[in-house]
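Take a look at these structures.
Shared between the two complexes below is chain A, which has chain B as its partner in the first and chain C in the second.
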Partner chain A sequence: MSTGWNAASAPDTATVPALPRNLGLRQYLICLRGICVREGLRFIHQRERFVSSLVRPLMWLFIFAAGFRQVLGVSIIPPYRTYVLYEVYITPGLCGMILLFGGMQSSLSMVYDREMGNMRTLLVSPFPRWFLLVSKLLAGVTVSVLQVYVFLAIAWFWGVKAPPLGYLMVLPALFLSGMMLCALGLLLSSLIKQLENFSGIMNFVIFPMYFASPALYPLWRIQEASPLLYKICLLNPFTYAVELIRFAFYGQVEWLSLGIVAGLTALFLGAAILAYSPTRGLVNRKQDTGGNG
Partner chain B sequence: MRGLAGPAMRGGMPWEEGAGQLHHVPPGGEVPASVAALEVAAVSHFYGRSQALDSVSFTLAPATFTVLLGLNGAGKTTLFSLISHLYDTRAGSIRVFGHDIARASSEALRRLGIVFQARTLDLDLSVRQNLVYHASLHGMSSREARERIAAMLEAVGMSDRLNDKARSLSGGQMRRIEIARALLHRPQLILLDEATVGLDVKSRADILANIRNMVARSGISVLWATHLIDEVSEGDHVLVLHKGRLVADGMVSELVRETGAGAIGEAFARLTGLDAPSETGARP
Partner chain C sequence: MKRLGFAALAASACILANPASAFTVYVSNERDNTITIVDSEKMEAVGTIKVGQRPRGITISHDGKVLYVCASDDDTVEMIDTETNQIIGTLPSGPDPELFVLSPDGKTLYVANEDDNLVTVIDVEARSVLSEIPVGVEPEGMGVSPDGSVIVSTSETTNMAHFIDAETHEITDNVLVDTRPRYAEFMPDGSEVWVSAEIGGTVSVIDNETREVTQTITFEIPGLRAEAIQPVGVKIMPDGKKAYVALGPANRVAVINTETYEVEKYVLVGQRVWQLALTPDEKTIISTNGVSNDITFIDTETDEAIQSVTVGQLPWGVVVKPQ
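Take a look at the complex of A and B:
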C-alpha cells in the first residue's frame, strides 16, 4: 500500500493542456451524464430505498386493491370504455405515487447533500446553476421512471395490464409528471433547513397530495361525498399528474392535465432555480456554510 | 511591504508596477501574465443584520502560498463561500485571474479548486466514482478523467484506494482524496478551508508540506485558511482576518516587525487581542 505523496506527479500547469476554453454542448452532456450516473449509483447503493419504493405501491395493489375491489365500484368513465377492475383503476395512481415519493426523496437527498456538504461540490461547478439543478432534476426523474417500469412489470405478472402500446405512450406523461413532482421537491428542499424536518413533508405534502386526488377513487365519487374535498382535489397538482398518466396509458392526451402539469413544472422549477441562485439565494444562509471560520 | 492592512494598502499589487489597478479580463479571454491570482476588493457581507465581513481587500500573486489566518468565527468560511460563488458578492468585487466571480463566474470557477472545511465526499460511492463525478462537473471526457484521476491519485499516494468506498477511508486519506479532486480539473488557484481540522499531527504536517511542495513545483496559487499558527512558515504571505476585518496583510517577517512582536504567534495574539495565544497553537 502506498502511503506517501508523490510530488513528481503533482499537476504541472506549464505542461498539461488547459480545459476547453468554452463549455460547449459536449461538456454540458458530459456534466448531465455525470449527475445522472451519480444519482443512479446512489440509488443502487441504497437498496432499501429501491425495495421500499416498490413495496409501497405493490402493497396497495396486492392488498388494498384486493380488499376494496368488492367495495368500490368504478363506473365507466374516460379513458375506460368498459368496466375495469379496481386494480386497473388505481395503477396510474400508484405510478404517480412512485413519482411523488421519488420527487420527495430527491428533495430529501438535496437536503442531505446540503447538510453533508456534497451540494457545495455541485454548486461550485463552472456550469450555470440552472443547468446543474435541471440536470439533478432529470437524474431524479429518470430513476423514478425506471422504478415505475419495474412496478408495471410486476403488476403485469399480477394480471394488471394496460394496452401494449400504452407502456410506451405513458413514458412522456410519466416523465413530465415526474419533472413536476421533482421540481416541487427541489423547491421544498430549498425551504427545509434540516434533515429532521423531512417528516413534516410526509405529513403536510405527500399524504394530502396523494389522498386528495383521483389516485384511489374517481373524482365524481369524491364530489358526491364532499363538494369541498372535490374542490381541494381540483387544486391539487397531483390530480392532474394522475389523470395525465391514466389517459396516456390508453393513448389519449388529457389536454387540461397536460397544460397544468407543464405549467406547474415550469413554475416550480423557476422558483427552485431562484431559490438556489446565489443572488437571491435561500442557500445564502449561515448554517449552510459548513464552516466556523 | 504590505504590512498592516489599511486604506493605503487595499488593491495594491506589490509584485508589479502600477499596483492598485484591478485588471479585468473578459469572459473567455486570455489571462495576462501579470494578472493577480485573486483580487478581493472592498468585500462586505451580512447575515441579516450581523456583519460577517467588513470591506475586506487583498490580492494574491500567482504561484504563491498565502495563509488566511483567523480565529473561529473570523469570517474565513464566509469569504471562501463568496470567492467560490456559493454566495453572491453584494458589496465589493472578487476576481479570479481577472475574471469577475459575479459576472464571469464560469470562467472564474474553472480556474478554482476548492477543499471545503466539511467533508464533501459521497461516502456511499467509491473513490473513483467520487472523482469521476467531479470530473463530469467540469466537463471532462471519460478518457481525460481516467488519466487525470490516475495521475492525481498517484500524486497524493492513494492509487491503491481507487475502488474503495469513501466511507472506508481515514480522515487524512479523505482529505488527500479531496485535494486530488480539487486539483483534477487543473485549477490555477486552490482554496483550502481548514483542511487539516480533525487530523493527527503527522497527517497535518504531511498535507501542508505537500501542498507547499505543489505550489513550488507547479505554480499553482494556494489560499490556505487556518486558525492554527503553527501552520504558518517564515516565508509565507499572511492575511489576518479578525471579526470580519482584515487586520494584517504581509509577509511573516513584516507582520512581526510591524507589531513589535517576537514571533508570528505573538503578532497574531496582538492583532486579535488574544490573551492565550497557545490556544491556537501559537508560539509567542
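Take a look at the complex of A and C:
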C-alpha cells in the first residue's frame, strides 16, 4: 500500500526505520479502504470471475436441481413449515457455496500475491499484521456477499422466493459465514507453498466441505444412509454455515450454528494471524521454497 | 434453543401478512377412525374425536352446531355435537356412504352410497330416509345448486354426472365426463358445475342450463407423469373468480382462473392431496394430504402454502366450522 510505504519511510534514517506508532483511526480507515478498493477493482476488472462465480451456483440451481428435482417436494424439516421444492431447499446451500468459493478465492489471491511479490508491499506497511489480515478478510467477504445477493435476485426471478424480510435477516448470517470461510481460506493460504497447489484445496477442502453438508440434502437423509457420514457432516464447519443461513432466511436464529460459526471464525482468524506473524509465522519459512522473486 | 421469541414473531408476521382469525377445522382420518380438530390460527391439532369405522365424507350444519361424518364401514352417518364433541346420533345413510352434501336450507342430506349405486336422501330433523335414487355405478361426488333445486351425483364407473331434480328426486340429465369422476362443485351463481375426473386427469365444466360440457380443464406439471395427476376435491371461491383443484398424488393444488379456465399456479402440498375446505373469512384453503398424514394451509391471496399440520392417519375430508 502506498500509504504504508510513505508512512514507513517518513522518519528517514540510515538504519532500519523506526516505525511510527501514532497511527490514527483515519490511517487505519485509509488502509482498510485501500485493501477493499483493491479487492473490488480486482473483482470488477476480472469480469469473467464475476460471471463464473455466479454461473457456478446458477448451474446448480437450474441444471442440477432440475435433474435432481424432487417434484413431489422435500419433507418438512425446520425452519420450513410446509413442503418445499428442491430448488428452495438448496438455495441457502448455494449461498454458502458462493461464500465458500469466495473464501477459497481469497486464499488463492493471497498465494498469488505472495508469489508475485505484492504481498511484501502489503506486509511491510506499518499497520499491525492482524489489521491487514482482517481488512483483507472484510474486503473478500463483502465481495462474496454482493455475489450472493445477485444470485438471490436471479433465483427470485426463477421463482425461488424467501419471505421478503428474510433477505434482510440473512445478511448478518451471510457475513458471519463468509468471515468464517474467508478466515479458513487465509489460514490455508499460509500453508500453501505454491499457486499450483491450489487445485489441492479444491479436492481436499471445497468439495468435501460442500458435499458433506446439508447444502444439497437434509442431514437426516445422510444419517439414514450412513451414521458415520452423518458424524462427519456434523464435524464440518460448512454444515453450520449453511444451517445458519437457512434459518436466517425464515427469520430464525439457529443458536448452535451461530455459536459454532462465530467460534470457528475467531479460531481460524486467530490461527491465520499467528501463521502470518513475522516472528512465529509459517509464511517466512515457506517463502524460501516459494517462487518469490 | 432454536428460535428467538421476537425472531419467530417477526417471521410469522412476515409470512402471514394477514393472520387468519381462529376457526375450528375438522379433518376425517380414514385409517384412524377419528376426527382431528385443528385450530386454524395456531395451526395445530387441538383434539380428536373417536368416530365409526372409515370416516370419509364430512360436513357441518350451517349453524355450526352439528358435524356429520360418513362412517363408511359402519354404513351410517354420525352426528357430532361440536360443543361437547360427543356423538349425538346417527342417520340412516344406506350402505357404504362416502360423500354427501347438505342442502342450502340445511334440512336435507344427500348421500352417495358407493356400493349400492344409490343416492340416499335423508331428512336431517326426522333422521329418516326420504327416498333412494338409483344412479350410475359407484356414485361418489355430490353437489347441490346454490338454490337447492338441483343435485349432481357423479358415478365413478359409469363416468357420468347425474343431474337430479331436488323436488321430484328424478334424474333429469346424464352428462358423460372423463374417467372416474370424483367430485362435483357448483359455481356460486349456479351457472356451472365443475366435475373432477380422477383417472381422466381433467375437470369438466358443465353448463347448468344446457347440461353440456363446455370446457375441459387439463393439468400439466413438468417432471410428473400424467398418471400422477388425479384431480379430486374442487373448491370455488364465493366470488366465483378462482377455483382450487386437489390433484391427488401430484401433491399439488391447482389454482384456476374461472374466466379463462387456465391453471395459474400449482401449489405444493403434502402427499396425495384429496379434499379441500375454505375458511369462512375466505383467506385460507385447507387441503387434506392422505399419505403424508397432514393438512396444508394455503393463503388464498398469495396462493402459497403457509404451513402443514400433522393430523391422524390417512386424512380424507375436511370442513371448517362457520362462525
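Criterion: the second predicted complex is superposed on the first by the 261 of 293 C-alpha atoms of A that agree within 3 Å, B and C clash if a C-alpha of one lies under 4 Å from a C-alpha of the other, contacts with A are read in each partner's own complex, and residues count from 1 in each chain.
Assume a contact is a pair of C-beta atoms (placed from the backbone, for glycine too) under 8 Å apart; a residue touches a chain by one contact, two chains touch by 3 or more.
It should be emphasised that the depicted structure is a prediction, and the values quoted were computed from it without experimental measurement.
Visitor: Between chain B and chain C, whom does A:His45 touch in the aligned arrangement: first, second, both, or neither?
Guide: After superposition on chain A, A:His45 lies in contact with chain B alone.
Visitor: Counting only touches as set out at the top, which of chain B and chain C does A:Asn203 meet: first, second, both, neither?
Guide: It touches nothing on chain B or chain C.
Visitor: Quick one: classify A:Leu123 as touching chain B (first), chain C (second), both or neither.
Guide: First partner only.
Visitor: Can you list the residues of chain A that touch chain B in one structure and chain C in the other?
Guide: Common interface on chain A, chain B vs chain C: nothing in common.
Visitor: Where on chain C is chain A touching in the complex?
Guide: Interface residues on the chain C side: 1-4, 7-8, 10-11, 14-15, 221-224, 250-251, 268-271, 292, 296-297, 305-308.
Visitor: What part of chain A is in contact with chain B in the complex they form?
Guide: 1-7, 9-14, 16, 18-23, 26-28, 30-31, 33-35, 37-38, 41-42, 45-46, 116-118, 120-128, 132, 277-281, 283-286, 288-293
Visitor: Over in the complex, which chain A residues touch chain C? Could you list them?
Guide: Within the complex, chain A contacts chain C at residues 69, 71-73, 75-76, 78, 81-85, 163-166, 169, 247, 250-256.
Visitor: Using the touch definition from the top, list the residues of chain B that touch chain A in their complex.
Guide: Of all residues in chain B, those touching chain A are 28, 47, 52, 70, 72-78, 80-81, 84-88, 105-107, 109-110, 112, 114, 116-125, 129, 132-141, 151-152, 154-160, 176, 181, 183, 185-186, 188, 193-194, 206, 210, 213-214, 217-220, 225, 227.
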